[in-house]
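Read from first to last, the chains carry the letters A, B, C and D; within each, the first residue is number 1.
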């Protein structure tokens, strides 16, 4: 078993760190809002530290799961002096590939290693320890980390060198955006034509229109249930990251760009925290929704 | 076992009629290009007729699987005088719901019944007898037809009254358009960033970005293989039907509409017969493709 | 001076026929709803007929200004027997080029001539006799008609053979759609940032962002005034015609297609009769509008 | 007459500084690439300095016309120690409003003043001294600056406080994007239907589809001439600024976002330096272009 430090005990980080402890690793944690760290320590009988620098003191592995690029920059700045040769820093935050490379360089300068390992699978995946990790790392470093990450991840794929984990996560989010808008338009069409959406979903989900979102979100979309899942604000952050990367590489993402804008309509409705399947709400007017309930 | 007439022995109709014969139904067939009908008769030991009117002479069930609205109108005109009370006419063509209602009314006027039953599952589904049927019909009529359609269909769902089968098929195609464009943009992004697309597909297809298209078309898209599957020209026909219906019902399909236009770029490249996953070709320039091979 | 028959005395046709009479032509008119024809006859001291066939009896020129393709087909059917050799039929309705060619062929069969001459300039242009006509016709026929159309048109351009007038009108509407959506997004952005829109419009309308719509609709859009001008329902009809033609010719109109869908959101708000600049209303939420008033 | 320093003698800055000298102001200049500064000094008999700090030594007014946000940050850093109370710094670069506010705060800290004054009118406007300036500044500061800017600007509009000049410029670029895509689709449609584009442009530019771009770029677009004007790379920079601002303010810019992506297709064709009207090139395939020449 290993010594791990986990920084950032939010919706995702909390259960992930929990699995590490549960599987027998020695875990020290830190969270900006101290109450979350204390609650975690109580629940998992681990050690909550007052600063991130304290937390990483003796760690072989340092995991982070924060918000956005500036958050990782800010927390890394606080631990930089504590980074020691041989340490492996794993960032599970969804960030830009540029951030990953920048932090990786700083780790290298200290003789340490870096892996960008953004995850998918949502809160449920974290709670059940069944996340998917897309990793960017040297092969040798990756191999050392896999057994540790297996505490909370079911699928761990190395895409390539540092930064490629984040780029793969962008691919994931780009695909999701298309799937969700297509599904939203399909269901909107069905509702406008007064179709029995249960029957429609049953009929179409067996074939080439099938998607995870259709199977897992189709019915909740029709029911107007969005108070769960992966938040619009998070997806817009991720799409911003993808669109910024595309701007630099010259990739064209026309529909991703337009869906990103559509999400601003959802945000205007107060839906920043709704599940990203809430794209349907901007197509269905109130009368459409009422009609279908 | 029943007496069936099958009109239209194309890529889909041929194997469907074949399954009817194989399962023991007595099948008479007709096809505009006579050679297909003769070949079919030879293969399945059925009866090829010279006119559609001859073909439906003694039929209890009349199946059609033709091209577009005008094709169904044209063939139905030739059989109208032969429609008898109690006959059940099943149209497996993907058409507008308006066409379905119009033909249904004409059947009713003769004391016969009509079902719109567009299918999904592609050529493979037809050949394997595992199609999905989305049916619009009276419940009683539907029940009579299910045992017959089971000869070639694995999933048969009644959506509602006549026309709703076609509307459900539109939902199917709308969802596919979004899925495919999202997937195309995701893969284009991956290729522009020189990611190992096999690894990316492996990583993302386990989670919430998963789709049938990702699993079944992701690798062929990267390889630039499109000489199979569901043709761009057919999908554009279906999207035209969906967009026309939306115009009447007031449904908004912004991304479906834009993807429909993107397909015209594929058609300009000579890709009308390529699989609909060929959306990727309009994002990847020649240099992108070469770089990745 | 000539003998003219004018069929269709709506918002556009009424004043156009009025100018013909005012300029000294002998005008007989017909309108489906008889009250409009009577009111017109009273105002312009012309002759209102009970049927379109009566109206064209002695006419050298037959003008139509109706709604959509089926309307022109319907009215033409009523006058077909009265079409005489040498007559010139001018259709000012915005229709498809296919309709124009079909009606032209029927005229030719009678030894008569046809011109498609859709107009732009709106109600104001009709009232002031300053319309723009885009004509599709043989050169010789065109030349005969110009002096007559000058009664109500300031600019008369022959694009090419029959049908090209309608295609040019499609170009006009495609350009307008892009201009209006750009303007709507620009003003929405300005309002979201609490800019003084009067100053912004003053600043930007002097340069390369300038457009007729910006100069003539910018302020009314900000004020939320849409009860005038060219109706959303009409523009959607015209965009449908353009998109149908593009589908056949293989032209790609991605942004036109998406704006057409956006208009369905305006229609859902009850804005079918609002000016087409009302695209802004679907971007501005109620709170945005209130904030800016 | 006043003492001015001008930093950045590119396509725009060079002639602007030239007009200041021509109108009798005492002008010291600086340019990163020294040859441009020397050529300018020779042509206008002004003084070229080795550093920007030298150039602003005795200046009452400091003008900048650089590239993007980081460029202004970089140059300002070099002059910051030389900023004196009462100095007025005018930034003619198109930047974000955030940059404007940041630099303004730094000027205020020194008792100096800042104006963001992005321009429109292109190279021709600069060469002819007829630019449009959209200014963000305190009213009192604005009034002091107008007489000086009149050396090179024909229209100078104060939008509001610091930053609003840049936001108005975003409005300008958003409007242009819509206009250009509409025009490109209109001309593409015309060319696909073999219309005489000269006649079409003549017919449509008199009415409600009219725009500056139609009048000034319509014919060159048809001719495939793009080696002049406002470059795609610049417009993408400006759209990025607009889209970033929209993301923060919550404005929805769906069509702007999609057009921004379309420009990446133009860049892939090697068109980064082409005029922004080159959007047409991604719609017209080679065969379309050849057909029309």
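We adopt the following convention: a contact is a pair of C-beta atoms (placed from the backbone, for glycine too) under 8 Å apart; a residue touches a chain by one contact, two chains touch by 3 or more.
The chain list, named the UniProt way, goes like this: A, B, C, D = 6-phosphogluconate dehydrogenase NAD-binding.
Here the structure is a predicted model, which is why all the values come from computation and not from measurement.
Q: Comparing A-D against A-C, which pair counts more contacting C-beta pairs?
A: A-D
Q: Quick check for the class: compute each chain's Cα centroid; which one is farthest from the centroid of subunit B?
A: Farthest chain from subunit B, going by C-alpha centroids: D.
Q: Averaging over Cα atoms per chain, report the distance between subunit C and subunit D in Å.
A: Distance between chain centres, rounded to whole Å: 37 Å.
Q: How many angstrom lie between the centres of subunit A and subunit C, each centre taken as the mean Cα position?
A: Distance between chain centres: 52 Å.
Q: Using mean C-alpha positions as chain centres, tell me how far subunit A is from subunit D in Å, no decimals.
A: The answer is 39 Å.
Q: Two or more other chains touching the same residue: where does that happen in subunit C?
A: 246, 250-255, 258, 262, 268 - these are the residues of subunit C that touch more than one other chain.
Q: Tell me, which parts of subunit A touch subunit C in their complex?
A: The touching residues are 254, 258, 268-269, 285.
Q: Spell out the part of subunit B that touches subunit A in their complex, as residue ranges.
A: Interface residues on the subunit B side: 97, 120-122, 125, 132, 134, 154-155, 157-160, 164, 167-168, 170-183, 185-190, 192-193, 195-196, 199-200, 202-204, 206-214, 216, 230, 242, 245-246, 249-256, 258-259, 262, 283.
Q: Quick check: in the complex, which residue numbers of subunit D touch subunit A?
A: Those residues of subunit D that touch subunit A are 236, 240, 246-247, 250-255, 257-258, 260-262, 264-265, 267-268.
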